[in-house]
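In the two complexes that follow, chain A is the common piece, with chain B as its partner first and chain C second.
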Partner chain A sequence: MTAVLKGASSILAHTPDLVPLGSKPTREIPRFEGLGEQCLAHLRSYREAVAYPPNQVFIGNIRPDELAEMKQPWWRNLTADAFREGPYGEIMPQDEFYGLLKAADAFDLIWLEEGFQSQIAAKLRLHPLLGDLKGLGGGRTIAEIRDKLARNEALPLNLGCDLVGCVCQAHEEDEALSASVILEGLSAKASAFLALRHLLARVNPTDPRDIDYLLDFSEGAVGDRYQRGGGNIAKAIGEMAGCLNATGADVKAFCCAPTHAIAIAAALVQAGTFDEVALLGGGSLPKLGMKFQFHVKKDMPILEDTLAAIAILIGKDDGVSPVIRTDAIGVHPICAGASAKEIYEEVAVKPLNKLGKRITDIDKYSTELHNPEITVAAGRPDTPLINYRALGALACLRGEIGKEAMGDFVRTYGMPGFSPTQGHIPAAIPFMGHARDMIMAGRIENTMFMAKGSLFLARMTDLSDAVSVIIERNPATRKEVS
Partner chain B sequence: MFEGKKVVAFGERDGVQGPAIAECLSAAGAEVVFTVTECIV
Partner chain C sequence: MDLENQARIKKLAEQYGRENLIVVQGAGDADSSELVAETVTTGDPSYAGPLTEVQLGLPVYHILEPEVKQHVPSDIYDEQVGLMELALDAEAIARAVRGIRDNASAG
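Presenting the complex of A and B:
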């Protein structure tokens, strides 16, 4: 049984008023007088976020290669033809996302002001994919919300200058259930649900009841003080999406969790254990505004103002979808070295050797796809570019290309980063929808997805991790040559 | 080249990681007293 990539969705939720609740702003704003006001003054409007070219690439309206030709800085050269919806998902405005948070909340921890809640419920009923959302009746008075905040039992949910709700702590003493952790978990759940809804309702229409298994690879970990990463947010998201016949589990491996999850899902399908496996990655609240001080200093908009989520459907061979090469999963074993050369030898060259292929036999590499406009402004490198250069250098060392062809290697086999710096989300998979369509349209034959994980951040080891997966055109679609 | 020198190795995941720096400098005779890798994204 061959496992295939049946579809991938990508959504963004523009949440500028959650930026001050990101990890870095939460810590830095109280330290510097006036920084909070500066932060608010540099937030983008919804219209600007929609017209931002990398965001249009993320939802599939622009191909990454086209973005490479667009004038930079992208934040100053917004695209005229920008849409809320794209082939892979949508860019949801903040007020609707607050409604989605409420719908994701099973414990009455999101309190929305009654007038606002009723207005958002009406708006979401008109959404083509969300008309069936439950849990949006009622609401709280603004006095109740203010009282909860005054008792330091909640965090505010603002809409511009207006207080429209709050997120409550779920326990008085348990830090794992504090208001900020609850908001982090619900942000991941709600955004991943939206991605899953797009995947099953639009990208590859599938009855949610036909999903057998769910694997979540979100950045955060849900739990309580006795088991901080206890999980299982995959099942919680599946419940919300009506995947009634599925269960699931969470896959944790820092930013290479998505490629681990793809490899696991493909193996489960290939083994015949499950027929349809949905992979879910929700947005990261802590990473909102991670580099906001640099953006403020450069008087540019704070670009880390969107939660990003991706859902991927892996299933039995349908004769058309690209196949996942489970016989050539690239891994970075414990015994391997940490240099870029050693990592790419393990994760790129070894799996290619198994298939009798060279580095240049892959048409497109998808590596860390962080938007460079976010990182370079903060004095950090262009992450995709340095990864492509390292891979190109390896191709050069192996005699596959000449030194003079390095620049062309990056252009030909790589792409510009276009993903928000949302941790697991930029890790190769934002290209998944594009890759599937480009392979099925005959524009490329195959792609390798390579993701790296910073395991050392948990202080349990100084190792990093990396996993790669190759997808290629379904052999059933090849015309026989007589 | 680095005999008698103490070294603190700061690495970056997508650049050169801490253990790789430490290995190079140890081979060059340095005493690596601290190694860490950070992630800029």
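Presenting the complex of A and C:
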């Protein structure tokens, strides 16, 4: 049984007032007088976030190649034709996302002010995919919320200058259940749920009860003090989305987790273990505002103000969806070296060799797709560009292209980064929806998704990791054409 | 330059003494290489990190500069760095880092 890519969704939640609760702002703001005010002064409006060209690429209204032609800086050249909805998902405003957090909360840890909660419940009832959300009745008085915050048992949820709720700690002593960790977990759960809803609205099957298995590749790990990465957020998201016949598990491998998850899901389908496997990646609260000080210093908006989530459906062959080449999964084994050349040879060249292909036989490479506007402002290079140059250099070393063609290689086989700083989300997969559509429209034949993970950050090994997956046009469609 | 790396370099300079340190960096383009070089010589130009207004004056080189390359066996250099040497604009990077070094020594 061949495994195919049946669909992919991508959503953003614009959460500017959660930026001060990101890991870096939480640590830095108390250290410098006035930094908190400067941070707030550099937050974007929802309208600006929606009109930001990379965000429109993320939800599928603009193709990455079109973004490459758009005037930079993108934050100064907002797109006139910007929409909340796109072919792969939506950009949700903050107030609705707070409502989604409440709906994701099974333990009464998100307290929303009663008037606000009632207003948001009404708003979400009108959402085409969220009319059935539960747990949005009632609410708390503002006095109760203020009292909880005064006792240092919660973190505030603000809407601009207004306090509208709080996130409560789930245990008095357990740091793994502190208010910030709870908010991190619920942010991942709520955003991944939204991505899953969009996915199921766009694919066949659309009934969540037809999903057999769920694999989560979110950056955060949920648990308690005795098992900090215990899991299983995949099942929690599935429960919320009504995937009643599924169970699941969490896949952890730093930024490699998404491509590991794709390889595992494809293998489960190909083995006949499950028919429909949904992959889920929720947004990362700690990454909000990660480079905010640089953006403030450069007097540009803080661009790390959105949570991003992606859902992918891998299922049995439907005769039309692109197939996943499980016979050519690229891996970076423990014995392999860590230089760029060794990594690319393991992850790009070896799987291509198995298929009798060269580097230039892949039409588009999707590597780390981090938005360069975020990193370059912080004095860091354009990571996608460097990755594509390295691949081009490898093609050159292998005699596939001349040195003079390396610049064209980047333009032809690569794309600009367009994903916000959201942990594992930028790792190749934001191109998944685009790739599927471009393959099915005959614009490209295939794509290689390549992700690298910095395992050394956990201090358990000094190794890094890398996994690649190739998807290509379904051969059944080729037969029809011939 | 990453704020945590700034803190690390500042600590190393205090621990071992500036005169005993050389910085070898591997940033991926000329602009970021120049920023790293500037940060460890005259201080963080973005005024965001621990090296703001801290003039460590450390000698700084890029791994792609000939001064570093000549100290590495060629087979090892080719294996470990060769691909990125071809991929990146080594000349522009070297020019940027050398410029900061020259300014620092002139100052």
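In this section, the second predicted complex is superposed on the first by the 475 of 482 C-alpha atoms of A that agree within 3 Å, B and C clash if a C-alpha of one lies under 4 Å from a C-alpha of the other, contacts with A are read in each partner's own complex, and residues count from 1 in each chain.
Everything below uses one rule, namely that a residue touches a chain if its C-beta (ideal position, glycine included) is under 8 Å from a C-beta of that chain, and two chains touch if they have at least 3 such contacts.
Not measured: the values here are computed from a predicted model.
**Q** Please work out whether A:G230 is in contact with chain B alone, chain C alone, both, or neither, and reply first, second, both or neither.
**A** neither
**Q** Touching A:G392 in the superposition: chain B (first), chain C (second), both, neither?
**A** Only chain C is touched by A:G392; chain B is not.
**Q** Just checking: does A:A340 make contact with chain B only, chain C only, both, or neither of them? Give me first, second, both or neither.
**A** Both partners.
**Q** In the superposed arrangement, which partner chain does A:G160 touch: chain B (first), chain C (second), both, or neither?
**A** Neither: A:G160 stays clear of chain B and chain C.
**Q** Considering only the touch criterion stated at the top, classify A:Q293 as touching first (chain B), second (chain C), both, or neither.
**A** So A:Q293 only meets chain C here.
**Q** Could you say whether A:P30 touches chain B, chain C, both of them, or neither, answering first, second, both or neither?
**A** neither
**Q** Quick one: classify A:G402 as touching chain B (first), chain C (second), both or neither.
**A** neither
**Q** Taking the superposition on A as described, I'd like to know which of chain B and chain C A:R380 touches: first, second, both or neither.
**A** Touch status of A:R380: both partners.
**Q** Counting contacts the way the document defines them, which residues of chain A are shared by the two interfaces, the one with chain B and the one with chain C?
**A** 337, 339-340, 342, 380-381, 383, 386
**Q** For the complex, give me every residue of chain B touching chain A.
**A** My answer: residues 11-20, 23, 35-41.
**Q** For chain C, which residues count as touching chain A in their complex?
**A** 1-3, 27-29, 31-32, 35-36, 46-48, 79-84, 86-88
**Q** Which chain A residues qualify as touching chain B in the complex?
**A** Chain A residues touching chain B: 255, 337-340, 342, 368, 370, 375, 380-381, 383, 386-387, 421, 423, 426, 452, 454, 456-457, 462, 464.
**Q** Give every residue of chain A touching chain C within the complex, in rising order.
**A** For chain A paired with chain C, touching residues are 293-294, 297-298, 337, 339-342, 344, 376, 378-383, 386, 389-390, 392-394, 396-397, 403, 406.
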